[in-house]
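Chain naming follows the written order as A, B, C and D, and within any one chain the residues start at number 1.
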């Protein structure tokens, strides 16, 4: 099987293939010549220069390669070609199994308008409202009464907040409608305005689904992914801290209806917004494996990549996939090579030191190793750290322990941000919504500052390092008495037992 | 060994001594006060373990220290110290260098700004000779699909531009030099 | 809390303490000055020279240290002082909590004769027979009829197989009795002989128990540890492939009775022999945490070290500890620094390269890191690798994948033996007994030979390494045309895409 | 580059060539036959990835190679090659050294046996000058609470004993030398 991806997800798939006893082949660009997926795979094939458009996005070349090397199937991972209906179609045409849904399902879910229509037909709740322009304030009032307050007025022609008005009661609507219209006219030269229910501080809760080729679709519980920055998930967990069995069943059934409506097979995710009243609304469907799939694996015990292979081969989903409920709790953090203390500036470079945390409840899904170079060309996510606990509190504690144990030197990473999130009172209480991360970063409670000068430890460590370096120079230059004393620090360490109190104080 | 260390806004004298039993004594602060640490230093793979002796005997701190190239004028070396606290950047100067610096006068120098990361220069916002103010954008670097503006750290004049648009740079490559306005 | 141990178990406990928010202090000998437990702990205290007797076994000094540094409790790990009743008593006297059972329970289970008597009284099955010398053949016949054939005659005065006779039917007994007696007389100057039921090809199945200070004792299912070499466990798993719910319940209840009989608290393990008829017999009780505790943690979801801390603080065992049943399957292999291809010769030294396997279902409990020196003074176990799967087959496949991914250079290890075991037909079918490992090693099926000369890969790799080394020498000596060509291998790698078929054949 | 490699009982000629495109061509076996491999070599951290080109294009093998000190008479170097197969020990000789060896005659040498592991010498079973036969125990080393007998690899005479009882040795330290009996 050919793995048409790179980094940690390529490693994930290669591991699954080895466990399944299937030979693995990976592709690599110039920048990934020494990448971890290659080291673990049976075969590695060069696919082009570093930029994605000239390598990992070359769908035609990748299908041709699969045919040439006799690969039966292609696993697209996530990103790159994974939601490209054209690529899936090409695989279908060349008789190479695409590990994912039929290209028709990808296409149907790929269109916002088409998928919304399909969901309404299938009885999956969507955010109430309509894209049709409202002729006048009376129409707006009538429609608002139908979807329920608060509602949001939006300009048909554009975004960026222009022409947008939140309205919480009927008496404000008329004025708001007039204002929105004139603002829309001014901004876009078009005063058409429509109305949608306003979902206040929603959570992002998504449901993992799995379909086989025999028409059976199941759900494998939900993931809570409300902590996002610029629509990128940062921390994910399963189960959601706010779902009970009944809501889980209802959301699971809605997700199954959504998938069934497009003839879905293989693994996919139906994303919902969940509001404070525990009403949920279809957001979109991701027609592929998700980055955050490990948290589902850890609470259900189901290996999703093995399940993908199983259904792609025509295997049926047995009873072990029915009525799956979560066991314990799992949390994932995405490790990015970027510096939260410098506005999340990318931090490519060489990983000088890397010690993964290990031990109970910890899973590392990484695409890098000590000594690896992080190229500048791709997404900065280098690894995922996942912790399982018998409950949410234990999962959090284990993840905190793991982050304390992790050593990653040479590049900056998002670890300091995770440490703030995991010790936050709201997070520990399970309170969150999709704006929370940006809000807490802005108000400073999660801001990551460069370390401040409040302790002697870094000063002393730097001085000792400088001393050792000076001694080395001296030593090369011929040695000295001071040098001999320094050498003593290695030779005479048995003497370290002889310790006297010298009045030192802890430096924190 | 006498050193001057700078960490953010803070500056301290350090006196460091290797003792006969293989441990180190480090005093942070002036000779007539300050805090003194007795330290056992153990190398463990690519990390170092610092163990306090004396009053806080047994307390253990795992650190990774590496020398980096980016240093300000007058500093002998800059180190990044990674520990449970996160990453601290510490500048070290030896007192003689410092004296020489001070003798040469304060306002003489130009500051060279280097690339913080490898990437591609997508935009150069000024020309050589331009007057710029602190915080003004000078060049824009792109890496991992994100653009980052590199700004002037002081008011001054652009003495030199080392890069042009479209050029690829490595981390540490000089980007521009700014002559500080007195 | 003070951790009075070293290596991977000290790391395990330090991790648990960090998760529990408790400050950790470890002790270390001269040889362990740069050990992993120290790097992860809050405090580290030197306890003496390398030999255990002068460091980790100095119970008095360790208790004194705990008192001096204000530690409330001592965790003994396994081995060293963990089953030393005297040490536990000293802790009790000094008001330092010993994380383990009362010293009286350690003492009671420490004596073979005493514990056998206690078990009989408590209704725990022991191997039928008696230690009393048999006066004559008639008595032997009567007693054999009582315990059932086959039986084993043993000399009261000694071991080593002298005076030992297996007897499978009454008509052989008289002759065997005479022979055993004269052999015993010749070997030990004492012809006393006793008789026990012979347990044929038994499995080693042990039950994890846990007791709180309020008199409640629970069991947390069993572990199968039949694969042993010189009475050292090599591979352990949970659950046992041969236990069903009913047998699990019966063995669990017997284990609880055994623990309750000695007023047991904290974590302990009751070891049984399980014969082909699924009759089980008490072997001994280990009054401490076991090396193989992770397999139980992975199938029950219970963190045993946290549970130890909980009950040691006087916490009660809640309903979540009742009727625990295994979920999925976990297998552990013990990584020893020894060379199975050279008669398991110890292989201390420096770990030059170390890449742990990661990803789904894998847990690494290690006491070492890349660059660490394995000292010659202690047990050669450096790490444990554990794989969880939704069933036994998946656990085996994941462990095989993990072993293929593991890179451990600089020392020899038991990995090649594990690879043979995991692919063995009997093992995969769950067929095993306590003699199987030694039997299969002897008959050659699991023999680990130095790699044989059947492939070109090592030859080519060595030649390339030699070439690179020669080029380096040439380069230092002034450079050459050949050297320039070699430099090209780094600079010109973009050209690697231009490939021509040159008639090479795969080398296996 | 021409080499002679020995792996267990097997000995092969190897012809190795670095090509202009940065790949290597390696022939195993005599020049009038043998198997030829086209190889792309990539260093990845402390491991090396060997990739086959040509017919088996794409096949990838991760190896770690290290030179070790233990080598027999006549060999230029010994390498341990660790791969998915396990650890192979390969001796490399260059043809000129080999010729010189052969000219000097076969039975001239003494074999020095070194400690396979660090440990303590708990017993010395022979004296200098003793005749010993292949497989006979010479010294007993202890490490990790296990005793290991180091045996003579050939028939011969104990020319030298480098260690005595109670002594600590490091891996690689010479233990004894045996003069081969002709």
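The definition used in the following text is that a contact is a pair of C-beta atoms (placed from the backbone, for glycine too) under 8 Å apart; a residue touches a chain by one contact, two chains touch by 3 or more.
Since this is a predicted model, take the numbers as computed values, not measurements.
*Asks:* Report which of B-C and A-B is connected by more C-beta pairs in contact.
*Replies:* The greater number of contacts lies at A-B.
*Asks:* Can you check how far apart chain A and chain D are, centre to centre, with Cα atoms defining each centre and the answer in Å?
*Replies:* 49
*Asks:* Please work out the Cα centroid separation of chain C and chain D, and write it as a whole number of Å.
*Replies:* So the centroids are 34 Å from each other.
*Asks:* Where in chain D do residues touch two or more of the other chains?
*Replies:* In chain D, 42, 46-47, 57, 59, 62 touch at least two other chains.
*Asks:* On chain C, where are the residues touching two or more other chains?
*Replies:* 33, 40, 355, 369-370, 404, 493, 496
*Asks:* Return all touching chain pairs.
*Replies:* Applying the touch criterion to every chain pair yields A-B, A-C, A-D, B-C, C-D.
*Asks:* In their complex, what parts of chain A are in touch with chain B?
*Replies:* Residue positions touching the partner: 337-338, 342-349, 352-353, 355, 376-380, 404, 407, 409-410, 412, 416, 450-453, 455-467, 469-470, 482, 485-486, 488-493, 495-496, 498-507.
*Asks:* Residues of chain B touching chain A in their complex?
*Replies:* Counting only chain B, the residues touching chain A are 1, 3, 5, 7-10, 12, 14, 16, 18-26, 28, 35-42, 46-48, 50, 52-57, 59, 61-67, 76-77, 79, 81-90, 92, 116-120, 143-146, 148, 171.
*Asks:* Can you list the chain A residues touching chain C in their complex?
*Replies:* 11-12, 15-16, 18-21, 30, 33, 40, 46, 49, 294, 297, 301-303, 306, 320, 327-328, 355-356, 358-366, 369-370, 390, 394, 397-398, 400-401, 404-405, 493-494, 496-497
*Asks:* Quick check on the complex: what are the chain D residues that touch chain A?
*Replies:* Checking each residue of chain D against chain A gives 42-47, 49, 51, 57-60, 62.
*Asks:* Where on chain A does chain D make contact in their complex?
*Replies:* 25, 33-36, 38-45, 69, 369-372
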